[in-house]
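So, here's a batch of structures to check.
Two complexes come next, and they have one chain in common, chain A, joined by chain B in the first and chain C in the second.
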Partner chain A sequence: MSGSQPAGDPLRQYDSKKLGWTHRDATHLLWRTQFGASDAEIEQATEAGLEKTLDRLLTPQEESPDFESSDRLLRQVAVDTGNISHLKAWWLYRMLNSANPLVEKVSLFWHNHFATSNAKVDSVDHMVAQNDLIRKEAVGSFRKLLSGMARDVAMLIWLDSNANRKRQPNENFAREVMELFSLGVGNYTEQDIAEAARAFTGWHLRDDKYWFNRRQHDFTQKTLLGTTGTLDGEDVIEICLGQAACPHFLAEKLLATFVTPRPDKQDVAQLASRIRAHDFQMTSVFRELFGSDLFFSSSVRRSIIKSPLELVLGAYRALGNRPNLQTTIGLLASLGQDVFEPPTVKGWEGGRLWIHSASMLLRTNFAPALTSSSRFGTIDDPQSVLKSDGRKTQDDVVRYYTELLLAGDVEPASKQQLTEYLKKAEGDRGERSRGLIQLIMSMPEYQIV
Partner chain B sequence: MFNRTWVFRLFVVALVTSAGALLAGRAVAESPSLANSIPPGALAFGEVADLESVIDRVQDSDYLKQVVESPQFQDVANSQQYKQAQAGRAVLEKQLGMDLWTVGKKLLGNRIAVAVYPKPNSKQPDAVAIIQVKDAKTLVDLRKQVEPLLVLTGAKIKQSENGDGVELVAINDNAFFAINDKWIAASSNRDLLTKTVELLSGEKAASLAQDEAYQLMSKKMGSEHLGRVFVNTGTLAEATGGRFGLPEKMDNPLFSLLVGGILELAVHSPYAGLTLDVEENQFAISVGISGERKKLGETFSPFFATPPETGTRPIPAVPQLIGGVTIYRDFADWYGRREELLQPQILPAFDKFEAGLGNLLPGRDFGEDVLPQLGKNITLVAARQDYSHLEGKPGVKLPGFAAIFELGKPDEGAQTFQLFFQTLSAILNIQAGQQGRKPWLLDTELYKDVKVSYGRYLKKPEGDRLPLVFNFMPASARVGDKFIISSSVDLCRNLIDALKKPENNKRVEKNFNLELQFDPFADIIEANQDFFQAQRIQQGRTIDEAKQDMAAILDVLRQIKSLDFNTTATNDAFTVQLKGAWK
Partner chain C sequence: MATTRRTFLTNVGAAGIVSLGATPPWFLTRAALATEKAEKPPTEKRILVLVQLAGGNDGLNTVIPYTDPEYQKARPGIGIGKDAVLKIGDDLGLHPQMTGFREIFDEGRLAVIQGVGYPNPNRSHFRSTDIWHSARPDVEYTEDGWLGRSLDLHAKRHAGKTPALALGTDRLPLALVCSKLSVPTVQNVREFQLQLGAGSVANRKLRRRLIGDLANRPSATGSDLDFLRKTTQTALTTARKLEKVTATYKPAAEYPGNGLGQKLKTVAQLIAGDFGTNIFFVSLGGFDTHSQQAGAHQGLLTELSSAIRAFYLDLKEHKLQDRVLLATYSEFGRRVKENGSLGTDHGAASQMFVVTPGDKGGLIGKHPSLTDLSQGDLKHHTDFRSVYATILDNWLDISSQSVLGHKFPAVDFV
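So, the complex of A and B:
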């Protein structure tokens, strides 16, 4: 691998011109910033280089007319029917087909961060509005995102904001703003929560819209995290953003999601300082993060357990599946990641919790279901794919699929076993290739990204 | 020997032999039925006449051209299996010296019959088939072309003649053919073939046409049809242990209510028959059994109307009617006899049902108080809505639905149903509040002297793509001895208009009637194209493919005019009929 153990500032920009830019580097970048990558995308990124690829990922790209038509149709039907499974299908469609895949991936990150479940909100209109807010600021301003969330209707319903009244403040939202959205446990006191709750009184919902209920707002003095005044909700947000803990809290989450499950303190501190320096403007933060020595270091590659979405959509993208989105939704729910319905206010904890006896069985069974049945859609015919790429020998085939699905990170002995399988397997080339894909997807190496 | 699956397969095979006549437009061929040439004792017999006109029609039809040119067919055409089939076809046509359409017309153009016979100690029946050709020369020519192909297969072929100009061919000692210049007969049993040849040659011997059950069927269902199937259910029942494997008591209440009586009739019937008739733009398929209800006893009396005293009512003709279904059943009697009709393990579910219904009908017993108020006819109707209750339209446009209950005790019954309607509306309103939806306000109006109760929104909803729930504005009304519960006030009013007309109060001689009008049905599918296209995209189609799929479906729907399905019970026959008309 061309990365090296970082010294000094882990967020020092990775010098791809000096250190090299390979197929594996491109694969690593795309796997972390998208839901998987096709061979064509990896080739394109390899050829374009790091800077241009980051530009493409972080600059809004125009969507194709077909995507826009399909996106509009799927969303419209979800809203018309009020059926959340149609909305889930809409978002999965975007994750797979959008020309801005990083936006979708980061939107998922924020959806998990501001976890809100339709199980309680029970409204496609409100859930899609929240999703729009997240998408708008996914790689934009965290300040605007947090402020927007305080008035988001789905959030107001989720955290019982209408119950937050001046004579009887309800602490739900205030607690989550501090604990889950901005500061993290240990960086505030119970008194701070009580004061923040008072500041948010009257932030209500009326006629399906945010409404400031003056009669229920506590206009008196409050003291929050050392600041005293007639504080309201906006003030609470600004005070939280101003705390040193806030960028640390975000940094730790971003690193755990996109870089390494166990970020060390120095890395967290460095990223936190970048977040503060960029005043929570996430485009700049992501550019630094995804272009850093840390991101490309060998210690962080292939270190994150794939979430169900990464596992399933990643396979679709790599293998060219035209998916059945409804059966996919069912599978993702079984695997523990049902978009728009996170299990608790903490969202999906992920990491090692994605892997347990039941999910491992489902993850393993996914491979044959995808390659040998039409339950989840139809993958590109391997025979045609290999023919068009001129891959003729068994070694060629094994190399192609191990690079596509494992970034080439496979022990020689395992590679040899895969080649042996291909030699001995029955059926035509397409059938044997499907069998090979199944084997690769069953390997432990496939479960990590 | 025979199990339910075998019986089903038997019937399907027999159906398939006559299904080919579906598109024929000419009258039945003049030659007599081949039942006169089939040996007696057949378990099932199927016959089709005049297939040549069918093949002509299919071959020249615009519809076939559309299907072949459609993108969906192109997907099939690109498959390996299709390519193999086409290659096989090319080889065969080359060998035969003519295309398969011509082979079909020349060979199959007159009459075809198939019969199956029980075979002792075997699950596989014996079969006899007769093809009566129009063009003798064809037969001779085809034989010459087919023989080399048979040799290629490596089959053991024995040929002989019977002295009457009939050539006999045996292949592998398990398939036997007899051929002359007018017909081909085939059988899996040598003796059956011999008898068939004797009958075809004009010998006076017993044939299927003399079978008692066959004669009964012909008498009840007629013998002049384009396609016919006969099943000797008496013999079949004996072979399957007396009831075709059907239990005496059902384990599914809905199934029992819908078909319990019919199945019981079938068990006692000596025959089951199917006929197929096709006119220029319509077809009719009838299935008949002997309907001697007296044999069934009182237990099964709830299932059958006794016209003219009882029977279904016509489906009310309302504007933009998509379809309706009407059923005659003595519901109270059926419910009271449930212990005789249903298996014991499902009876507790009725107790739970009655307990649950207590919330909607407090203080009343369902079996004793409520059901007797219900008459013996329920009609369900669906019609397109005009959405006059909205300032705009919903995004997903559902039809209006209504149920019309005939009341056994009109005054009491109307009150009970009104109570049910009010209670249900209240429950739905509570749910609406919990889910943040707009509630209904219960209101009334007088429409042509009929009091209509309905739920309306406090403020008329506005918008071009309103949520799904705005399709519904529930309404109820009593018209004479009928009670309407509708999802739409508009439909309720239209039903009031229709039910006030005398023709809607007449009884018709049907037990069950379903009608579907395809133009309004296609209209509603088209109005909700977005929804269906989105479904297709969710299933992996691109947007262009989804649009093409929808266009193809609408094309098909717009070519069909209507579909009717009904059952009729007379004193000695029971008939199920499916009629369709196309443009």
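So, the complex of A and C:
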């Protein structure tokens, strides 16, 4: 698949046979494409190699019967009670346990892209329907996703579609379609927004369903981004997708979320051209991206500040936590990432904006809460983990946990201090190991993936 | 002082001129006697506490024009009697439950800014709250708040710090939404203490030391790791400071057990602990009193007044009162005429209260007329953005013009 690509192309496929495939490479891939990984998963991916691991991540895997029944139950509870916090629990459960973790991670990316909040929508039914739409096309067609969003009930409520009438066009949705969903600021004019708003007039909501209100639709001529005609909403979406800015905008966001916070211009351009070549088919795009030289280059590794979900769920998966989902939801909200309730239509900006002195303390305090209380659940007992793994010396133990939690990204002096803790601390091996895990998780390095 | 109360009062507001009559009212005389405060504290020491009264407070039953016959006429069922009000002027009185406010007023520290609102008032909670929070009535979809923008102006200086926080709100209020920083919402002061986990004292002590040491490493300036390490260090230092304060901190006043009281107690603690936050946001909800208003409103005003009184006394005892400006606001007042279910519907102009760090308390501006109404609602004469502008320019030392987009005339409360 990489035959036609020129040398020096950042998206040239990483040759793991020639360049090697290590435990750390696997750790890097899994932490970026899932919400963290257990040691067993990393071992498995190391063994399986890059190709097979990408296959597992990108082709639909059958869910276990256990997963299916818990998933159904949690969802049902949310729908029956109409309580959004149950829906949050449901999604967290999927993020942690689905056999298709990349789908969940990319769904979160789209939830942030099409940031819609229950604070205004106020309906579990509509939020779950939007989530289903996202999940269906998460690693599918962006074209279908964008077009589906324009008729999605939660979105119609969120961006006031019923206020968009022939005589008084409401620009809310039209503006966001261009600014946040497809093109980005600077790639359209205010006039384009006014024209697009007219094209979306009458895309209304009736009886909790999308409804084309002919009487409120403006059937007259419009000119949008150089195209003139009796355009409607579907045309607006096609015109946007046709703009060079669209794959570019997506490429930049994908790179910043999954690869490196400040992507190179050339890398963005290259990925944009691949998105165009694949006609917004995201499976192929992700396959190329996650298998690329760029993705495995040293400059992009350990470069992303973890989102609260990556921080918390990553620790759960790495340490085998049987979680309390309700307290977890509260924690995530105080850390600034409350799923189904993003702060504004712009979503979570992420990166350094996750971090301030208050959230840093919360992040630091999460470590002891997880390792030495049952507030967020119960982690696998380190004593038995280490025993079954045959880790003997203190150096072994430090190496095991710094590889698992930091992909080995630890300065010698820090490593020494961690070993010092194991030597000096009181109690049995299990207790000392819990203290060690807490220390590793409170290192600034743990905030990075 | 050049700007005296009197020159202000004769020029007050965007629309109204206050006529004082021949003899200055008694409260003004006392205010004039109060000694002018010498100096404001340095900018970085100044604190703003914003108290939201969510739901639309019935301003007319909060500061009551008890001598106006129109008042009793409009409020036959829920009007407050002449003898019950706590008089703060010749024809104005506070709701009988607001004894705490009355005390602060008597000390010359409570400013009552009357007739505050904005043109073409919106009577939807959602929209009007957005307007107050964004301070941009003309922009339909705002992405940031007035305080958020004030922080964005100096984003570099604030990076990694906590210049503002919302306490006890479900989500971050739009007023504090920034584009270059993120403002935390916290539920409890305990969140600011470093937790060391279970185990022996020795282990905990060892971990405490190592957590600090592990974060205290040199790294490439400007890198994300450097940013994370510095922020961790700031967080640890602050937590340490706060721990000391909370260990020794004794509230000098008895806070009421109610929600607002406990939130303000936390704010006082954070101020006393030098937490480094300059802007605090707290909210008191339930003011949407469409029916059977009297009991609910009385409870809310009791909570408001007693909590703020305790906060004020606490600050005073800790000699912090000159560093703190507290302001209350609500998205709208309520209709002058009571409705058929002994309640009131959404209205327009209302008052704002400011517990001022200086000596500029007292009544500011005139009570809006009860006969010259707009769709049954009080008309404003002072734009709320004038109050914001005053807070920004005269207290937070941030250019109000940059934040609000226009120059608004100042109101003389700080």
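To be clear about the criterion, the second predicted complex is superposed on the first by the 442 of 449 C-alpha atoms of A that agree within 3 Å, B and C clash if a C-alpha of one lies under 4 Å from a C-alpha of the other, contacts with A are read in each partner's own complex, and residues count from 1 in each chain.
The rule we apply is simple: a contact is a pair of C-beta atoms (placed from the backbone, for glycine too) under 8 Å apart; a residue touches a chain by one contact, two chains touch by 3 or more.
Computed from a predicted structure; not experimentally measured.
When both complexes are superposed on chain A, chain B and chain C occupy overlapping space and clash. Legend: residue contacts after superposition of the two complexes on their common chain; A:S373 is shown touching chain C, with no touch to chain B. Applying the stated contact rule after C-alpha superposition, one finds that A:L361 touches chain C and leaves chain B untouched. When both complexes are overlaid on chain A, the residue A:T220 reaches neither chain B nor chain C.
Of the two partner chains, chain C is the only one touched by A:P261; chain B is not. When the two structures are aligned on the shared chain, A:S442 is found in touch with chain C, with no touch to chain B.
For chain A, the partner that touches more of its residues is C, with chain B and chain C as the two candidates. In the superposition on chain A, A:G336 makes contact with chain C only, not with chain B.
Applying the stated contact rule after C-alpha superposition, one finds that A:S388 touches neither chain B nor chain C.
For chain A in complex with chain B, the residues that touch the partner chain are 66, 69-70, 73-74, 76-77, 79-82, 86, 89, 93, 122-123, 125, 157, 208, 321-326, 377-378.
Against chain C, in their complex, chain A makes its touches with residues 119, 172, 175, 261, 303, 305, 334, 336, 338, 341, 343-346, 349, 352-362, 364-365, 367-369, 371-373, 411, 413-414, 417-418, 420-421, 424-427, 431, 434-435, 438-439, 442-445, 447-448. Of all residues in chain C, those touching chain A in their complex are 140-141, 143, 159-162, 165, 171-172, 177, 181-187, 191-200, 202-203, 206-207, 210-211, 213-215, 217, 224-225, 227-229, 231-232, 234-236, 238-239, 276. Against chain A, in their complex, chain B makes its touches with residues 394-396, 435-436, 465, 467-469, 530-531, 533-535, 537-544.
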